[in-house]
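In what follows, structures are represented as structure tokens.
Consider the two complexes below, in which subunit A is the common component and subunit B and subunit C are the respective partners.
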Partner chain A sequence: MTTIRKTLNGLWSLIVGLKVTGKEFCKPWLTVHYPRQEVNNLNTYRGHIELVSLSDDPGKPKCVVCRRCEEICPSDCIRIEMHTPEESHLPDRPLMLISGVPLAGSVAKDPLCEGDKLLRVLDGFYLNYNMCSLCGLCVQNCPVSSLTFSQEVYLAGQKRSDFEFDLLQRLQEDAYKPIKSYH
Partner chain B sequence: MQDKSSFNLDGDYYSSKFAEQRKGEGDTLILNLGPQHPSTHGVLRVMVELDGEYVRRAEPVLGYIHRMHEKMGEVKTYVQYLPNMGRVDYLHALAWNWAYVGAVERLMGIEVPPRAEYIRVITCELNRICSHLLWWGAYVLDLGGFTPILYAFDDRENIMDILQMVTGSRLTYCYYRFGGVSSDITSEFIAQTRAFVDRFRKRIPMYHDLVTGNMILRGRCEDIGVISLEMAKRYGATGPVLRGTGLPYDVRRAEPYSVYNQIDFDIPVSEAGDAMARYDVRLAELEQSLRIIEQALQQLPDGPYISADVPERIVPPKGEVYFAVEGARGKIGVYLISDGSDKPYRIKLRAPGYSNLHVFAELAQGTILADAISILGSLDLVIPEIDR
Partner chain C sequence: MTQILQYLVMPLVHIVVALAAILTFIALNGLILVYVERKVAGFIQRRPGPYEVGPQGLLQPLADALKLMAKQLVMPRGADSILFWAAPLLSFTPVAICLMPIPFGPNLTGWNVNLGILLVLAFSGLNVLALCLAGWSSNNKYSLLGAARAVAQSVAYEIPLLLSVLCIAFTTGSLNFADVTASQSHGLFSWNIFVQPLAFLIFFIAALAETNRAPFDLPEAESELTAGFHTEYSGMGFGLFFLAEYSYMIVVSAVGSVLFLGGWNGPFLSGHWWMLGKIYALILVMMWFRWTYPRVRFDQLLNICWKWLIPLSLMNLLGTALIINLVR
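And now, the complex of A and B:
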């Protein structure tokens, strides 16, 4: 008797399961048909890092060449090239940590400068994205918020060199494009 | 002819562990499950000696995905080691994040702001659901049911979208920082999490209808791989494997950390000790995680999401510390020794999967091969965590 009941219960369990499958079969698609469609949360995607420009000069990064990002990076992805000029004139602008808001007591002085001398000039900001694990430590560690994550979702390449970027050059190239858009 | 020893012919696993014992034992077959067998979820290799369809002996062979995480801890600074934690156990990365930052915080005496504690609880529990869902789908897949994993992935995608909003990643999170988390949760995050909790609670009965009651699944899980409490203790098994033997041991209750002692939740247990018991415990945990998330969202205080007192250079004082959290697979422990420099002197990672796996060798003895696969799946192994 119990065997019969067990068998019937078992068969019923299969019908219950099939009912779920049947119901789901009638529901609309859940998957996104790329490339005809795109998912709607690309704005929260975190791609490789990028330099942030000054609010008054889109071709110039906020970077003060403190090299903390280079130091903290767990995978040694970042290489910064800079030089110390012999003689140079001061850029005439206040330091702005938050864009548009001059830092108190920093009028026309720049952390790159000491007295009337320009201390460091950024020549190249090289990112080896092959090794980056996107932990975000550099972005968090930047004292002047000069680093941010890009939203390049569809980055693809065939060579290692496709993922080695000069971020300074990218910034300068992007500065003259009307609006940056990846999607 | 060259000397045999120069080729190191005696050094492989078979020669050292199986060849001698097999002599004169009759007709047995050695079968390698893995390192790339689909049932092993990664690169675990299990060597089984078969007598017909019956497993006479099973030996897990480890180390195929050993990445020297512990050694890496000794050559990187405390901060630089953070991304490693997301990669030890990719399915419950946030628990590992938590175990490590918790250990350093305890060593340095860093206070975590209450808001950050709640954010950690919410994200960690979401991640736990994510991990259990993948296990559920993959386990049923092991047993031959293909479609359930697609239902699990539907919900899992939801969680990953939510977590992506604050962490920026979908799998190998590096979100917790010493003294808090790396970014605050938004109102959109809270709204979506609430919506997910409501939706998922309605879907759990569907999961049970689809799979739990299924006679085929029951046939392959019930009375298979029975672990006694004594055996679980002997191997140091934790998590759902231990709770499946009837002992309600959960680090969140046994050694409460963070704000878990202010949250009301049950510890699901099952007495049977078989694969079905472990299955039941994990599915019941999904509901408990939802309860925790709901309460944490309700109690979420305002305030900073990261402590302002964290020094810029993390240099803990000389000393040692052990901090354990409850991961999806069991007790995750980080044992850290500091010699007063900016790099740890030694990091020991206690991976729950490692202890849970070793139950398998004893369980599989005498079962038929198909049941051994079911047992292996029911232990919820994540090989990167086991090999570290």
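And now, the complex of A and C:
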């Protein structure tokens, strides 16, 4: 008896299956016909990371060169080059460990400060996008929100070096180009 | 002289013309069905299917056919060359003969033979030999496994198929397709699907298995056997198997339409358009099945046949015989 009931149930499930696919058959397409149509949510696309510029200067990143992103990236794909500018008009002086006791053989200029903040200058922000897992840790952890995901959907290349970017250079180049549109 | 003309030349001309017409029909259908199958698959998966070649992708099957014809024919090392190339031909040629005795319209029969049903069943059985040869001669383990499956499956499912066809032969008392069609010409409810619904169901399931269509496409199960018996075939070798599969779909749909759905009889305006409509409707259902059901396991396949279809069809046959005897 149970066998027959199971069989009937099974047969019924076959009809249910046909009903499901039959309904799907009649519904409109879900796929997008790419060269003729495009999806309208490209702004949700997570491309490679990119630097965010200051609101008053499109050529300068918000980055304060804290190097947190470089530190936190699990794939080790960010490399930052920076220097601390010096007070060029002051004479060189030896470094002091305690005031009044100079460190032998160490002579340098004083670092440049802005208020009580030590100035750091970003020279290069290198991203190796080949390794990036788009985990977003760098974007989340930047203290000044200087990183974001780009919406570069049509990125393509043939060599590894096509995916190694200097983000600082990109930012500066983009700043003087007309606004890019991906839509 | 007139006698020679009447008994020798005319039938010969008739047969040649019929064969040519049927081969054209098969080739055209191959193109149409490839397109339809891909469109059905697309629509069920909510995508457009072929779309780029020609308007709405209509030229896609032609492009596919060209590609297949232009491809190099490769034979694996150690393969049996004669059997290897004979198999696709053997798979394809019987199809033309299988379509000969089928009445497509009141006056549209290739070759009206008294034992038409038997002819179709006998020649369609050749296909399994072709699959077996293809698998055996390929010198490839996947092909061989596919062939073994094809044989086991065909042998098993031929029984319920024959038994359900036999029910119709009992009720009509003839093995001639024309007689079977004529017996269903008294309105919609004289169609055998209403007289023998169980036989139709069994026939259709067994036909799916005989044509190696999903969910019974085990001989070419891609996930386990690469492509089963035709793994090693390229170009037109594969093309012929492909064409044969679609042609056998037409054969079983045509036989099913004649035996169970009244052939060219319609509830109104009887004619060959009804026959064509029924054939394509059955084929569409087969495609619908393919994109709905997952492939069954091999033991399940044989269980369905030996534990359900054969006993059911036997009971159906006995019941039919009993009722016919009582009525007479």
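As a convention for this text, the second predicted complex is superposed on the first by the 123 of 183 C-alpha atoms of A that agree within 3 Å, B and C clash if a C-alpha of one lies under 4 Å from a C-alpha of the other, contacts with A are read in each partner's own complex, and residues count from 1 in each chain.
To be clear about the criterion, contacts are C-beta pairs under 8 Å (C-beta built on N, C-alpha and C of every residue); 3 or more make two chains touch, one makes a residue touch a chain.
Model, not experiment: these values are computed from the prediction.
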| item | value |
| --- | --- |
| Contacts of A:Met82 with subunit B and subunit C, given as first, second, both or neither | neither |
| Touched partner set for A:Val153, first subunit B, second subunit C, both or neither | neither |
| Most subunit A residues touched (candidates subunit B, subunit C) | B |
| Partner chain in contact with A:Gln140 - subunit B first, subunit C second, else both or neither | first |
| Partner chain(s) touched by A:Asn9 [first = subunit B, second = subunit C, both, neither] | first |
| Which of subunit B and subunit C A:His33 touches, first, second, both or neither | second |
| First (subunit B), second (subunit C), both or neither touched by A:Cys66 | neither |
| Which of subunit B and subunit C A:Glu24 touches, first, second, both or neither | both |
| Intersection of the subunit A residues that touch subunit B with those that touch subunit C | 14, 17, 20-21, 24, 30 |
| Touching residues (chain side subunit A, partner subunit B) in the complex | 9-11, 13-14, 16-17, 19-21, 24, 30, 41, 44-46, 72-75, 133-137, 140, 149 |
| Subunit A-facing residues of subunit C, complex | 40, 43-48, 51, 288-289, 291-293, 308 |
| Contact set on subunit B toward subunit A in their complex | 76-77, 79-84, 86-87, 147, 151, 154, 161, 164-165, 168-169, 172, 174, 177, 182, 206, 209-211, 213-216, 218 |
| For the subunit A and subunit C complex, residues of the former touching the latter | 7, 14, 17-18, 20-22, 24-25, 27-31, 33 |
